[in-house]
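Some notes on the structure that comes next.
Order of writing sets the chain letters: A, B, C and D. Residues in each chain are counted from 1.
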Amino acid sequence: MPSEHRLLRRVQFYETDLAGIVHFSWFFRYMEEAEHALWREAGLSIARAGEETGFPRLAAHCEFHAPLRFEDEFEVWIRVAAITRRTMRYSFLMTRGETRIASGSTTIACVSKRQGEPMKAIDIPAGIAGRFAVAPGAEEPAAGKPAT
Amino acid sequence: MPSEHRLLRRVQFYETDLAGIVHFSWFFRYMEEAEHALWREAGLSIARAGEETGFPRLAAHCEFHAPLRFEDEFEVWIRVAAITRRTMRYSFLMTRGETRIASGSTTIACVSKRQGEPMKAIDIPAGIAGRFAVAPGAEEPAAGKPAT
Amino acid sequence: MPSEHRLLRRVQFYETDLAGIVHFSWFFRYMEEAEHALWREAGLSIARAGEETGFPRLAAHCEFHAPLRFEDEFEVWIRVAAITRRTMRYSFLMTRGETRIASGSTTIACVSKRQGEPMKAIDIPAGIAGRFAVAPGAEEPAAGKPAT
Amino acid sequence: MPSEHRLLRRVQFYETDLAGIVHFSWFFRYMEEAEHALWREAGLSIARAGEETGFPRLAAHCEFHAPLRFEDEFEVWIRVAAITRRTMRYSFLMTRGETRIASGSTTIACVSKRQGEPMKAIDIPAGIAGRFAVAPGAEEPAAGKPAT
């Protein structure tokens, strides 16, 4: 029952912009990569072909502390901050060595998506919610200190 | 002295993901498109070749109310929420017809970026800050009602 | 029965990379935008929710003649180069004013995609193929001269 | 003096589109990732802050044989196909297990890029060209058989 995951990643060329640093929209994709790696660690895939359950985002937030540059190696530390009946919330901390790069959070909801019908909020299936544990202290991502 | 801008946009195929809706990371790019259109309306470009002043993001936030799908036409309404000596904050509301799609905010800082030196926060040049006005009520984006 | 389309477009910030120019992968997305605009002009949408027919790419090619930079305005000229029973081929020319920026081509195939089954090549439905005409001379995109 | 590199990669969620497969534009980014990994293996970085030498693409080509889906693990095999005084050409083969996914090629040129001046083609510095070897048989990527 994982409650956190650490993803190691290298900045790719196409993730940079004309300012010479990683474009801020990429940080949200880094968060998602870490989330899906956490799900795999829990023995799950967040998207299975043909499945009628989806997990769209309700909210996403990021604070940018220092820039990332081409070929930088960095870590995305995701923690499960909260699990409710119909939502999960993660907190994130990205670091490059000792440098805090960014911190943030995302909240996902569980929905039923049948072709031709609007998405409808449903309970997270027990077989999914039961595979994760809440990480102590994850509610304060900015205060989090990456233990290396 | 513009304080807001309305960007009309159509969803592109490559902005969708396997869930059949626009990937959430794109909403942050839509925000940026509206921001830069606002700057053009103010007679400015946020990035000029050779310039040593940049405007990286300090924070970005988005709440997702309803999905966007391929070829949907939607509006991104950006308003200047606050201008301080070294930062600007925008609030956003995205709508498709009468449907609220997303709301959010971003904060940018003004930095000096000389080759080989770390970025350093500086005051926003008067010739830039003086081109924008704060939009009344923009601090409450979620409550905002798009006047159509 | 359109055989060509001209898309006007402005370079967005997130399309640039650290070299200060548009990343080459974006040219393929520009091509796709023009293609889908052509389909709309033909009264069609290349992707309808629930449809079991898709149009994946078989091949894509691009030659890069001159860079595009942030906020550049440019044109993507798409022409239908060939229609066969199961494929369509487009040629592209991108220009910024008088400057040739890039030229290329893509080939799409028509496939049947039923959930859980592999994609299978099928004939392009008559109601689709019959909506397009082949553009004379489109087979030689590089030689094409944009009539402005 | 490397002449080839094999990059292992997993498909990310944001790389898929509404057709449920990886969007074709991503294959060109996968090629670039493999290229830059090859450069690192040669002890080089294709982009160094402050450098006035760049390597834009002259041409890129890809043929798509089979789709990639979310979380698929695949290999990008890059080989140096040709080195001339001012250009380098790579051939690529992407595979998922025994399945050929895509094959392609890109050609890069060496340019001098001084602020405010147009890019100008120059010779590839000897310290760079001398770090790579041409891979025998790489001119025929489609015929290439991945030795695993």
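Assume a residue touches a chain if its C-beta (ideal position, glycine included) is under 8 Å from a C-beta of that chain, and two chains touch if they have at least 3 such contacts.
Note that the coordinates shown come from a computational prediction; the quantities given were computed from them, not determined experimentally.
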Result of counting contacting C-beta pairs for B-C and A-B, higher pair: A-B
Centroid comparison with chain C (C-alpha atoms), farthest chain: A
Chain centre separation (chain A, chain C; CA means) in Å: 34
Chain A-chain B separation of Cα centroids, rounded to whole Å: 23
Where chain B and chain C are represented by their mean Cα positions, the distance between them in whole Å: 29
Multi-chain contact residues (two or more partners), chain A: 13-14, 18, 20-21, 25, 29, 32, 47, 49, 69-70
Interfacial residue positions of chain D with respect to chain C in the complex: 18-21, 24-26, 28-29, 32, 47, 54, 56-64, 67, 113, 119
Complex contacts: residues of chain B adjacent to chain C: 12-14, 20, 29, 32-33, 36, 40, 45-47, 49, 69-71
Residue ranges of chain B touching chain D (in the complex, touch as defined): 13-14, 16-18, 20-21, 23, 25, 49-50, 69-70, 115-116
